[in-house]
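Think of it as A, B, C and D in the order they're written, each chain with its own count starting at 1.
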Amino acid sequence: MTDHHSKNSDEQRPLTHASLTAFVIGLFNDTMPFNTLLGLDVVDGDTGIELHVEWKQELTGNPLKGILHGGVTATMLDTIGGLVAITETIKHTDESQLSDLKVRLPTMGTVDMRVDYLRPGRGARFIATATVIRKGSKLVVCRMELHNEKGDHIAFGTGTYMLG
Amino acid sequence: MTDHHSKNSDEQRPLTHASLTAFVIGLFNDTMPFNTLLGLDVVDGDTGIELHVEWKQELTGNPLKGILHGGVTATMLDTIGGLVAITETIKHTDESQLSDLKVRLPTMGTVDMRVDYLRPGRGARFIATATVIRKGSKLVVCRMELHNEKGDHIAFGTGTYMLG
Amino acid sequence: MTDHHSKNSDEQRPLTHASLTAFVIGLFNDTMPFNTLLGLDVVDGDTGIELHVEWKQELTGNPLKGILHGGVTATMLDTIGGLVAITETIKHTDESQLSDLKVRLPTMGTVDMRVDYLRPGRGARFIATATVIRKGSKLVVCRMELHNEKGDHIAFGTGTYMLG
Amino acid sequence: MTDHHSKNSDEQRPLTHASLTAFVIGLFNDTMPFNTLLGLDVVDGDTGIELHVEWKQELTGNPLKGILHGGVTATMLDTIGGLVAITETIKHTDESQLSDLKVRLPTMGTVDMRVDYLRPGRGARFIATATVIRKGSKLVVCRMELHNEKGDHIAFGTGTYMLG
């Protein structure tokens, strides 16, 4: 942030949809302590952006059963919903407006979320995905899903996000 | 679990409301790895059972802002809702039925949850509380709240829990 | 109900999946006063059971705009979710258990519901559909959708239903 | 709207908090066809604005049980939440900004709503109330309740409303 040299080179390269999306994915992957604590990993999957986590004992609610804690499920759904709300907003923003959007990113927040737990969170890896169902200039609503590596459907979510 | 001696003494001392409640609080405090990872602490507060957590960098979503990650909020609301659903069910169960209830405890799970984020999660300590709003033999619905140590109201939740 | 003759013929014809489903659709179409007030109509569509309503002035929230009142949307989503929760339960019930299920039908009720309003309810006809996402012996969770006759997607819903 | 005379007299009398609130209550009471169909009545109660309805057969889901249809409950909660979202926004708006707010009123809409059904809707009269839990310039979140005339608590709601 205080490196003048890199600031200058930033100014020389105008933002593109791809570079701002990559910047946002980097924020989620590298700078969010709770995402790091859980081991969340943003992956550019076949059908879009996905959020992955490998099963580990620390993420379970019950040591005997080895089932994902419901809070991990909620965290993954909230996180992928917020991330896709941003990347879809980037996609639909004119390139000339991207630097304005970048400035507003820190105001983005979850307004509310519903989680539906469908079956116990058993698996070796868990994959969260999201789709935008309502997109306004300030408000984005997403539906989210969590599956395990075998494709078992573990949870649904619906989240309302605001970009201030 | 495999200690025959303690098993025998368990059989000699029949379950009471107080002993089963203490057993459940112990489960949440000592045996749930994700609760330990986050530093969640069940406390018997003035107005009932509370779930506390001290702020720490690992629980934040953004290192610059120091605000609680929305997933921590969701985890705390889900956890206190489930815990109070159980302890209130214990309270309303005839003492002669408590050992049956204890056997059914591992089937308890969240069906669905809504979280309303009211303001950024700033504070030194966070306190989650819950109240039962619907109580059936199989299904319990709770409303949950998260405040910081100054009493600022950070989030509301509503959760539907099933006891199989 | 007091007609001994028809009671006898009921006893002679055992329930089938088709006859119990038809009975339930009849209940929703012919005996529920609020459904009649709104003009709701259960239709056996291409992809399953649908709930239809024709636009009329009485269903609008604002006489100048002619947009469906949000309460009509919520009513349709709740109704189709409950109906599909029952018909899917019938489908997965052994024929020998159908008369037990019929006795339990009046205990069926909505536990909770979320509605997401996606766009203004404009159209000449509105069609609500539902899919079961979680099915237990006591608890069924559905996702519901409302479209207009052109296929515009007006609302999403998620409902949790209990069969006592 | 096309009456020049009343338009002129409107221009002469500047809006006050009381007059704009009365105008909005009038809209809900007199100009919304679905509210009229159900018999909804906005009442200025002891603790704030309330929405009342008298029981009548047409509002029931089951003619034998005489219980309020879940869609009536959802409609009442959505309506009182939206109404209180507006009247609280009026209360916190500077008098000089009220005419701007009046122009934006038609853009107000429900983004999402959760309803928790606590017990069967039995009673002679039903009363819906709402409280604002989050208030921003564009977005208001309310919690709503439905009771019968004896004070039995029938349903809870949570609604997110946007003022465009």
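Here is the rule we go by: a contact is a pair of C-beta atoms (placed from the backbone, for glycine too) under 8 Å apart; a residue touches a chain by one contact, two chains touch by 3 or more.
As the structure is a prediction and not an experimental result, all values here were calculated from the model.
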Fill in: Chain pair, B-C or A-B, that carries the greater number of C-beta contacts
A-B
Response to the item:
Distance between the CA centroids of chain A and chain B (whole Å) is 26
Item to complete: Report the inter-chain centroid distance for chain B and chain C in whole angstrom, where each centroid is the mean of the CA atoms.
Response: 35
Fill in: chain D, residues touching no fewer than two other chains
111-112, 114, 116, 134, 141, 158, 160
Worksheet item: How would one label the connectivity among the chains shown: line, ring, star, complete, or other?
Response: complete
Worksheet entry | Of chain D, residues touching chain B in the complex | 114, 116, 118-119, 133-134, 141, 143, 153, 156, 158, 160
Discussion item. Going by the contact rule set out above, which residues of chain A touch chain D in the complex?
Written reply: 111-112, 114, 134, 136, 138-139, 141, 158, 160, 162
Worksheet item: Okay, in this complex, where on chain C does chain D touch?
Response: 31-38, 57-63, 65, 69-72, 74-76, 78-79, 82, 106, 109-117, 120
